[in-house]
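The next block holds one structure in the form of structure tokens; read it before the comments.
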Amino acid sequence: MMKFKRKFKHKDKNNQISFIPDAQRAYYRTSSINKVAKLQFRIGFMLLLIPLILFLINLLYRPYDTTSMNMSERFTAPNFSHWFGTDNYGRDIFTRVMSGLPLTIFISIGINLIGCLSGLLIGALSGYYGGVVDYWGNRIGDALLSIPAILMGMLFVATFGEGIWQVIVALGIMFIPSYMRVIRSGFLEYSQRNFVKRLQLIGASSGRIIWRHLFPQIRTRLMSAIALGFANAILAESSLSFLGLGVPMSQITWGRMLKDAQGFLFQAPWSAIAPGLMIVILVLGSFFISNGLKQFSQQRNMT
Amino acid sequence: MTGELQNILEINNIYASYSTSLRKLEFVLEDLSLVMKSGECLGMIGESGSGKTTLANLITGFIKPISGKIHFRGQEIQNLSLRQRIKQFNRGIQMVFQDPYDSFNPKMTIGKQLMEPLEIRKFLSNSEIEAKARYTLEQVGLSADYFSRYPHQLSGGQLQRVALGCALIVEPCLLIADEPVSSLDVSVQAQVLDLIIDLRKKFDFSCLFISHDLAVVYHLCDTVAVLNQGSIVEQGNVEEVFQNPQNVYTRQLISDSGYGD
Amino acid sequence: MTRYLLKKAGQMLITLLLIVLIVFIMFELIPGSPARIMLGMNASQEQVAALESELGIHEPLPLKINKYFVGLLQGDLGHSIHFDKSVGELINEAAPVTFSLAMYAFVLIIVLSVPLALLAARKQGSFLDNSIRFVTETTLAIPPFFMAIILMLIFRTTQLGLSSGRGNLESLGFLRKFFMPALAIALSRVAMALEFLRDAIIEQKKLFYTRAAVGKGATKSRILFFHIFRNSLVPYVTALGLILAEVFGGSIIIEQVFLLPGLGRLLVTAVEARDFPLTQGIIILIATVVIIVNFLVDFINQFIDPRLRSSDMKSTKSNFWLKLSYKLKFRGDVE
Amino acid sequence: MQQDLTKAEYILKVEHLKVVSAQGAELVRDVSLKIKPGEIVGLVGESGSGKSISTMAIAGILPEGISIAQGKIFFNDRDITRISAQERCKINGNKIGIIYQDASQSLNPLIRIGRQIDEVLKIHTDLSPQERRDRVYGTMRAVNLSNVEKLAQRYPHELSGGQRQRVLIAMAIINNPELLIADEPTTALDVSVKSQIIELIKLINFSRKASVLYISHDFSTVKKLCDRVYVLYQGIPVEVGATEQIIKRPQHMYTKLLLESIPSPEKRGQKLLTMKARTRDYRGPAVNCLFAERCPKVFERCRQELPDMFKIDKGHQAACFLFDK
Amino acid sequence: GKKDAEKDTEKDTDDTEQTDQGVIEDDPDEDDKVIEEPGDPQQGGSVIVGITQELDSLDPYLAAAAGTKEVIYNFFDGLVKLMPDGTFEPALAESFDFSDDATEFTFKIRTGVKFHNGDDLTLDDVVYSLERAAGMLPDSEAALIPQLAIIESVSADTEAGTVTVKLKESDADFITYMTLAIIPQDYTEQAQKPIGTGPFIFTEYKTQTHLKMKRNPDYWRDRTAYLDEVTFMIVPDADAAIMDLQEGNFDIFPYLTIDKAELLKDKYDFIAADSNMVQIWGLNNQRAPFDDPVVRKAINMAIDKQMLIDAVTFGEGRVLESGMAPPMQDYYNADLTSPYNPEEAKSMLEEAGYQDLKIEITVPGDYVIHVQTAEVLAEQLKQIGVTAEVKTVDWGTWLSDVYMGRNYDSTVIALTFDYVAPATVLRHYYSKSDNNFINFVSTEFDELYEAALSETDHAKRVELYHQMQKILQDDAASVFLQNPGTQTAVIKTLGGYTTYPQYVQDMYTVYFK
């Protein structure tokens, strides 16, 4: 109660609590959803900061070379000189983990870029126009989605070969239907609103309606989807790596490191734990951000 | 209300349906004919589901009739697409919808949305467009500081005023208002009704006013058409119809509302 | 109703056809000849050529597709190149493992998610809610095979006697043997199912009819179980349907880790050996199951929610899809 | 109207009710109202004035985050603001029947309506299923629903708006409540259905001796139905009186202007309104007359003090300093 | 583990007893067969062997995977048998003889041998087997065993009880191929239910799960196998099997790396053996920069093979200097050496004008050992300023793009020999062979190779092969890395596990101590 009163006084000075006439709307604007969403954002960013800081440290200070092998130190348990221990070639896991961030992120971004842009195009068209485009878009999406994605990823990588770009394209394609659905449903929802009718009446072209009016409506939603997609891409990459289909040996991603550690799990469990933990932190951070964004978008929906 | 007695809108034997399969064809509008004179304000009443909105959508061109003809300013328009209509008539048909919050892009300022029709038309320079938009805002009784506000910062009544402004800024010949005041409070409704009366004096347009509130129609309109189950059962001068309804349905409607005598 | 069924069946068929075509085209593009893989490095060129022509690898694509469909219509999935056995037989051997694993995981998902969701939804944003969600989100963030490894380490050190799932299917108690792999699959999906149910419950709670029920004099528990829970089921059931595809995806990986002789492992071998008939057969089987389950989900949902039966529910449906795509499809992707 | 002397003088007495949201916004500021047994009392006011929130407070179904900050609600002389959930369950649906504003949102969409009506009986009585069914059908017929056996098997979305509203009424009256609260039961309906429902409420009030709290912003129905009317403005009643008094001789400026803004045959084609538009939605505590900013007769005192109810006539009061004699 | 397995055996025998009567004489005291006198073979018992490859066809001529061959070995006998020391002993042939030019081979076939289905082994069966393997049956297009494609005719002499094989050209290694399984004539279900004359009888195979076999009670040798039953459990991932090994769930587990021995040493003995692999870093001799011998030589000098072996196989491997491996006995030229000298390698490259050399190593990703080797190679090459990019492809792609398409810079692969026939390995460098995937061309080598094929004198052949290996070394055809060793974990209660120069799991010799 005390809290309320103080708040009130402060606002009273400006002589307005809110400008929103319909208090129903006012309620949701200022409601506690906001607080939870903000908290989730904060946690998410904090989690994401951990790998980022590690990466930055890596730029300035790199205790060991990431590739040079030292057979005398193989499978050293974590200690003061090797914080996370060493792997089967005696390479320092801490150094490798630190330098694994950029590629992991690059791949994830690449996957989502492909998925999101194509999904945006197909989703927007099928959501706005419906009809044949929609029907076939959905069928192909259904087809892709009813096969477990890891399987499709396997086929794709077998087809296009291994390598960073191949992984990006293969998984990118697998991400299209999901994005398509998010965007399509958004467009479907808003294209039935009266303001679209009004715009058509004043002569706005379809392109203008789609990009200037409908797209901004689903932007938050899309961002939330992207944050999720980002996390999922990391998981997907590591899953593919696990099946031995991921990025090449010479490249350091956490998925790859985890895969390499598999063979020595019982001799050197630490070699799996460090990259695994990094993946979990990064993914969890993205989940939180996605959740926060989702709540913001839900809240927007109400206004 | 000029003496010009040309028909701005003529609807002949229209049939319309939403069903997609021929087997289950159900007509929402059935053999509907309607004539609207230039400059008049025609009130359209009928109960929920009688097809009022459908008729409005038909005239504006969002849906196409199954058969029948619609003439707007003497030209057949039922088969023209929205784009073609804009090309053909520099003063065309505009519409105001029932839910004001639904008819604006929630993420764009009022000013931008007011200016948009003019931007699309590309007749005027940017500064002229802005000037005209501000002028229109003033005409619908809102001060200039609403220009940069977002729709959710306005009340329903205010937003409905902006909607009127948005429709009138392109100087249409015919304004279709689909229950523009039904979602508003009495006092706010009164403001909007006043505004419409006011604007009809300032701008020169005909008005098809759809409502289920007989009092409002009686207050505002010159003529009235009663829609029942997809066809017009009675049309005529408001006072005549209200005082002396010919059709059974109309009579029932008017007596229920406590209007008439 | 029959019309609806026909329409749905048509859609399912089209989806299946597309899947078969996609796999066909991919196999056309995949480098590597199954004959060479089968015969190994030391085989001679003639040997490979002979086997290739026996397998009909260089036949034109339309002919191959045609042959395949003719076989399919007769219920013949072809003959596995790698195992030199009929595909039907191979699948018959492996499918029970995968399906029972999937069912087990599925049951675990339900058993874990329903009570947790009810607990979490009791008070949105409470400590309990937040901690339940944090824990499940974390399990979702762990790559499934890593989860399997962690579970293996944990269960080993704690000596709970839940040994890994290797061994004869018949000789050990099924429940005990499959517990760990099923749990590894289930854990990451529990979060999805839970969040769906929780959100649905919270959403239902906000709806006015629940308060109207208080106005009728209904007690809290009656409202929760008679009104809210039932009404939250539609998104939950749909989520479960879609999770099933992910459960199959998960079992592909988990079978590798726990060395289970299921479809997933068979599939990996098949793809590596370029064993087209076997790959195609397994994919068709999994996709069919997924498609049928999703059809059933539609059906069950219509049973739960009569509104879905009428056609003019466009907006509800779109809203529904929105949410689905949001959490589930997205989360579910490749894990 | 006959009165049972053993009963309380007022079936419902609300005293200085104040409802606030979690953010501290005052949704209902200070509402006092009384309903005698058998009386039909109207509550009028513009949208957002707190009508529905007041009813929810009475029925104990305030949404999450909104709570009663002050005031008492006596139902049959018993304060029901702080009773336990179980006791609340005994009153609601049994002694108090509620018809909600939005019928389509008040019914569980997944349950057949017959069962939903039956639920009330199931909770409050121990009749046999057969008896319950008879009573459900009987009540449904009583609210002018036809073909009830079939209708009972339908789902809410398969009914028309008018039918749904009547189902809600049936649900509210099936246990013969002492108080019937009707929150804008007619707003969403067509003219013809509207008058049927008004007749129905009248009938219930007459035949079942239920008091009615009728909430609306539509004066035409209030005129037909109510004995007395409260006019609510931003969470505070500004005028109360017999229906005749309020409609024919409104005293408070707000009531006057409100009545004037309703189109009527006499005002055809003329401008309607002299009331200024509301510029902001103030939800803080009331320190002055809330209508001051829109009132044409505003004077200094209005901006400084909050007016009490001043008596004008027998049973007719208004919260305006003009009547402070 | 074992007790369970025994119970299973009993159950299984119950099922099979009706068809094969008295196949297994149940020893009532079997359960007490604890090691009293260590080292003494006990009759009976059953073991579980872990194998890491999925089995393919069970038909001995169609099976291509080494993993399958090593298992089905137990069902069959050849005309001759390869012994652990690399020599050949007569098996189904009582004796054999061949012409001086090594074009005609005569085998005297043993009598009284029975197939698992009870039929007697006849000369026709032998002829059929050879003809089928050589692709001489009317409906076959190519030899099922490529080495046998040189057979011109097979004929039987019923009187003498001999079978004579004529070759199109001379092949001194031919006798090594005669370990070929002999199968009953016109039996069509070989791929599903193999039948041979071997010490074990096939009982059951569940794809991806296990293959079971039982003792052949009518085995033709002087004793039957010791074990009653053997189950081959398929565990595709040796690393993942560690947990089971630690619990002692397997009795025998081949192909472990030595680093795992530490974890398992209290339960298992480790038996080391040479593998039949010659791991090379194949350089595409037609592709720049490897078309320049200087580059190849420099690179040869830059590789520290011992360090590589330490890193990849934990020291369990032998440094190779030639394209052959020590298990090839005296054919292997052990005198060759190549110095490790990165400085000189670097200056050689600089002199030849190669700066910032960038190369690609394509490896089949399915084989961890090759991938890791490539990784170490890349690291070592850094010292001489060569940047190597490791590209993994899957096995199918490797076969079609690298092996057949020869479209690659360099690759790490192991050449295997199914028979102890030196030509099988060196064929990869013979310029007219389709298996010469490194595009090595040397007329001198070709001549020597052709000469060796028809040479029957052992000493001369050895000499020829030594010369060939020297040429490979001098020309630096590729980088010969190692002959990896394998470790087999054998549970301590078992004895008699034998290793051969060939990849087989011979269960005939295994017994409980």
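Letters A, B, C, D and E mark the chains in the order given here, with residues in each chain numbered from 1 onward.
The criterion applied here is as follows: a residue touches a chain if its C-beta (ideal position, glycine included) is under 8 Å from a C-beta of that chain, and two chains touch if they have at least 3 such contacts.
Here the structure is a predicted model, which is why all the values come from computation and not from measurement.
*Asks:* Compute the shortest path length in steps from chain D to chain E over the network of touching chains.
*Replies:* Contact-graph shortest path, chain D to chain E, evaluates to 2.
*Asks:* Compared with chain B, which chain's mean CA position is the farthest off?
*Replies:* Max centre-to-centre separation from chain B belongs to E.
*Asks:* Closest chain to the protein CA centroid?
*Replies:* The most central chain here turns out to be C.
*Asks:* Could you let me know which interface, A-C or A-E, is made of more C-beta pairs in contact?
*Replies:* More C-beta contacts join the chains of A-C.
*Asks:* Determine the centre-to-centre distance between chain A and chain D, using the mean Cα coordinates as centres, and give it in whole Å.
*Replies:* Centre separation, chain A to chain D: 50 Å.
*Asks:* Between chain B and chain D, what is the gap in Å from one C-alpha centre to the other?
*Replies:* 34
*Asks:* Roughly how far is chain C from chain D, going centre to centre by Cα mean, in whole Å?
*Replies:* It comes to 52 Å between the two C-alpha centres.
*Asks:* Which chain C residues reach two or more other chains?
*Replies:* Those would be 30-31, 256, 272.
*Asks:* Tell me, which residues of chain D touch at least two other chains?
*Replies:* As it turns out, chain D has residues touching two or more other chains at 47, 278, 281.
*Asks:* Two or more other chains touching the same residue: where does that happen in chain B?
*Replies:* 155, 158
*Asks:* Along chain B, where are the residues that touch chain A in the complex?
*Replies:* 60, 62, 82-83, 86, 93-95, 97, 99, 102-108, 116-117, 120-121, 152-156, 158, 163, 166, 170
*Asks:* Which residues of chain A touch chain C in their complex?
*Replies:* Per the touch definition, chain A meets chain C at residues 32, 36, 139-140, 142-151, 153-156, 158-159, 161, 171, 174-175, 177-178, 181-182, 184-186, 188-189, 192, 221, 224-225, 228-229, 231-232, 235-236, 238-240, 242-243, 255, 258, 262, 265, 269, 272, 276, 279-280, 283-284, 287-288, 294.
*Asks:* Any idea which chain D residues touch chain C in the complex?
*Replies:* 56, 59-61, 63-64, 85-86, 88-94, 98, 100, 102, 105-111, 119-120, 123-124, 155, 157-158, 171
*Asks:* Can you check the complex and tell me which residues of chain C touch chain D?
*Replies:* Result: residues 205-209, 211-220, 222, 226-227, 230-231, 304-307, 310 of chain C touch chain D.
*Asks:* Note which residues of chain E are touching chain C in the complex, please.
*Replies:* Listed in rising order, the residues are 4, 8, 54-59, 62, 64-65, 135, 140-144, 146, 149, 191-192, 206-210, 233-237, 240-241, 243-244, 247, 249, 366, 394-401, 403-404, 413, 415-416, 418, 424, 434-435.
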